[in-house]
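This report concerns only the one structure given below.
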Amino acid sequence: MVYITRRETFSAAHRLFNPIFSNEENEKNFGKCSNPNWHGHNYVLEVVIAGEPNPETGFVLNIADLKEIIEYNVLSQVDHKNLNTETDFMSGIIPSTENLTIAIWKVLVDKIPNGKLYAVKLSETENNFFEYRGE
Amino acid sequence: MVYITRRETFSAAHRLFNPIFSNEENEKNFGKCSNPNWHGHNYVLEVVIAGEPNPETGFVLNIADLKEIIEYNVLSQVDHKNLNTETDFMSGIIPSTENLTIAIWKVLVDKIPNGKLYAVKLSETENNFFEYRGE
Amino acid sequence: MVYITRRETFSAAHRLFNPIFSNEENEKNFGKCSNPNWHGHNYVLEVVIAGEPNPETGFVLNIADLKEIIEYNVLSQVDHKNLNTETDFMSGIIPSTENLTIAIWKVLVDKIPNGKLYAVKLSETENNFFEYRGE
Amino acid sequence: MVYITRRETFSAAHRLFNPIFSNEENEKNFGKCSNPNWHGHNYVLEVVIAGEPNPETGFVLNIADLKEIIEYNVLSQVDHKNLNTETDFMSGIIPSTENLTIAIWKVLVDKIPNGKLYAVKLSETENNFFEYRGE
Amino acid sequence: MVYITRRETFSAAHRLFNPIFSNEENEKNFGKCSNPNWHGHNYVLEVVIAGEPNPETGFVLNIADLKEIIEYNVLSQVDHKNLNTETDFMSGIIPSTENLTIAIWKVLVDKIPNGKLYAVKLSETENNFFEYRGE
Amino acid sequence: MVYITRRETFSAAHRLFNPIFSNEENEKNFGKCSNPNWHGHNYVLEVVIAGEPNPETGFVLNIADLKEIIEYNVLSQVDHKNLNTETDFMSGIIPSTENLTIAIWKVLVDKIPNGKLYAVKLSETENNFFEYRGE
């Protein structure tokens, strides 16, 4: 079994905000990340697939196909978008990077034609990274 | 003369938009960067100072002081902010990275206590960089 | 379960040296890393926490809190320090990066308020990385 | 148990090509990667060893020794080489990065004097990474 | 005047070889880079344009247009190609990175619709970089 | 004229300290960088040579030769050394990165066999860079 990873990037706006919280509670829990006028990030997404290479091609999955799967299912929903208001798969979900990572996993897990989804990794800044393995 | 550079990062939301354009013209000129619901970036800012090292310290400028000057004058205005609506020094300016780079230069140029501002460099994504030298 | 990672850096001096070795044995085992006049590195530390996001915040742990925990317990002991003579939690321990990684784990393992410590990763140079998972 | 990683780089030419395929099938499966006039990459190789630090040195394995093991067994066979025609351990194998990663594992797995080989990681471009753990 | 930079990557095969040299002279001058079976690199190309931002858009040049100009004129000729035998603009030229950088400058210098070409930067490996400014 | 750059790294210990200052003045000017027990860094050095490519080789200077010139003249004096006490070319000089950059320039400027030294760049941490061009 080989693990293959495709790295993609996207740029999006968001704010951390829980509608059941008061303004003070949102401020207390999320600080400047709760700014009602939004802020944004260049997210770096890594999608890891585990599988056995096909003996005829040496590929677990053609990585050009994996790129298209990610673009069609994920990037089209998040790149140059507002994650709070424009991303269907984040509807009703606080857009913490933890939750965004889990949501991308759920979108991709049944879209992988060969091998299976092993991990979704997401970095929000160069110092904060997140990973979900469906556990 | 030595060139010293301090690197800082900030995360902000923006949209490219010219109020004298129609919606179609904004869309034509700026594409997805004109999304009215905003998007955002992790900007990487490099501030370059040129000067002679002080013989007593070996410093052109204490880089801890330079960091504070950048934080006080620039980062406090842009980090976790909306560049179109919340950044005073971008008021009335289309927040292209070109214009943002020039605006940061103008903010900093008379705040450097030793040496002089040589360049402001700004990257918007890992593939797009901008630099202004006051020319 | 989501894995969240906080990346921090610190700069320290050290030498590899075992007091039970002769000078020749220290030189043979550690080479230039045993220079009695010290050398140093910019270490890159990654602390990985595994846990379930809190439904009210979407956070496993507020990463600003994690940053403070690392600063208070680790960085204050190692940044701009001599690892052989000034870092309490390395007292009596050869400061190989293996041992430093394990020592940072031991310092942090009972300080994580939500989720649990999953891994400590430490790079000593851009080509040498180390990881400990408490196994 | 600590995981230690050594990072090395090499530059090689290859083409993806299966001799049992027709030209059309090679083109269909491998696209521009099947160019009969070759193309090449700067590969980044990471070799991960798991083991317990020796109490006398604090090392799982002297990383200078690990570097030599990788150079002698792997880099000498691939750096500035044609992976299809000049690398013995790739003879008869389609040089996909999946297959190259597995082949490097097989070369190294019985050459590690202390600890044991845990993973071989290989990146072909800055967006495509591969890992094999002998599973 | 602002300097804007677009970063692109391509993967190519080459060998350093001067047909007027004997085999021994090629080996002496170029070493392993003269391997007749080719080797290759992931090149990183940066194209720098200097100009004044258009007041209506804030752009020196729409960077999406710059990307297309680079793809059409340069990447189509070098990506997944053999630089010695397949790249028209390198015909008859030893494909050292110096010469490749100059050749890319010559291809691009009259294709920039706004502003003017200021520099072409090319890295061949993570430790070797080259730049040409038309001087 | 082409600019060629060779990147090298070294790890060293130092402290910022001026013997004409009192302890209080050293502490005030240099803060934690003045720790008498030393600290250290992984320095990244870039040496830039400007020249015309030799028509027979396409090289300004064989970059393997440049690497050896840097190793022999600079790295042998600084790598795994104490910059205050063991580096001849820093004798009597406060080892600020400004001063170290200038000192490396002086060591290299008359050692370049083809082309001429254009710049020495040195980073002390990932956020602080320094450059000297002999001006």
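Order as written gives the chain letters A, B, C, D, E and F; numbering starts at 1 within each chain.
Everything that follows uses one rule, which is that a contact is a pair of C-beta atoms (placed from the backbone, for glycine too) under 8 Å apart; a residue touches a chain by one contact, two chains touch by 3 or more.
This is a predicted model, so every value here is computed, not measured.
> What are the chains that chain B and chain C both touch?
Neighbours common to chain B and chain C are A, F.
> Both chain A and chain F are touched by which chains?
B, C
> Which option, B-F, A-B or C-F, should count as the same interface as E-F once over half of the contact pairs match?
B-F
> Do chain B and chain F face each other with the same patch, meaning over half of the contact numbers show up on both, or with different patches?
different
> Compute the distance, rounded to whole Å, between the mean C-alpha positions of chain A and chain C.
That pair's centroid distance is 29 Å.
> Could you state the distance in Å from the CA-based centre of chain C to that of chain E?
Result: the chain centres lie 41 Å from each other.
> Whole-Å distance, chain A centre to chain E centre, using C-alpha means?
From the centre of chain A to the centre of chain E is 34 Å.
> For chain D, write out the residues touching at least two other chains, lowest number first.
Within chain D, the residues that touch at least two other chains are 126.
> Can you give me every chain pair that touches, using the contact definition above?
So the chains that touch one another pair up as A-B, A-C, A-D, B-E, B-F, C-D, C-F, D-E, E-F.
> Give every residue of chain A touching chain B within the complex, in rising order.
The contact residues of chain A facing chain B are 9, 11-14, 32-33, 35, 37-42, 79-82, 85-86, 125-126.
> Would you pull the chain E residues touching chain F in the complex into a rising list?
Spelled out, the residues of chain E in touch with chain F are 16, 18, 20-21, 29-31, 93-99, 101-102, 126-133, 135.
> Quick one: which bits of chain F touch chain E in the complex? Just the residue numbers, please.
Touching chain E: residues 1-8, 46, 53, 56-60, 62-64 of chain F.
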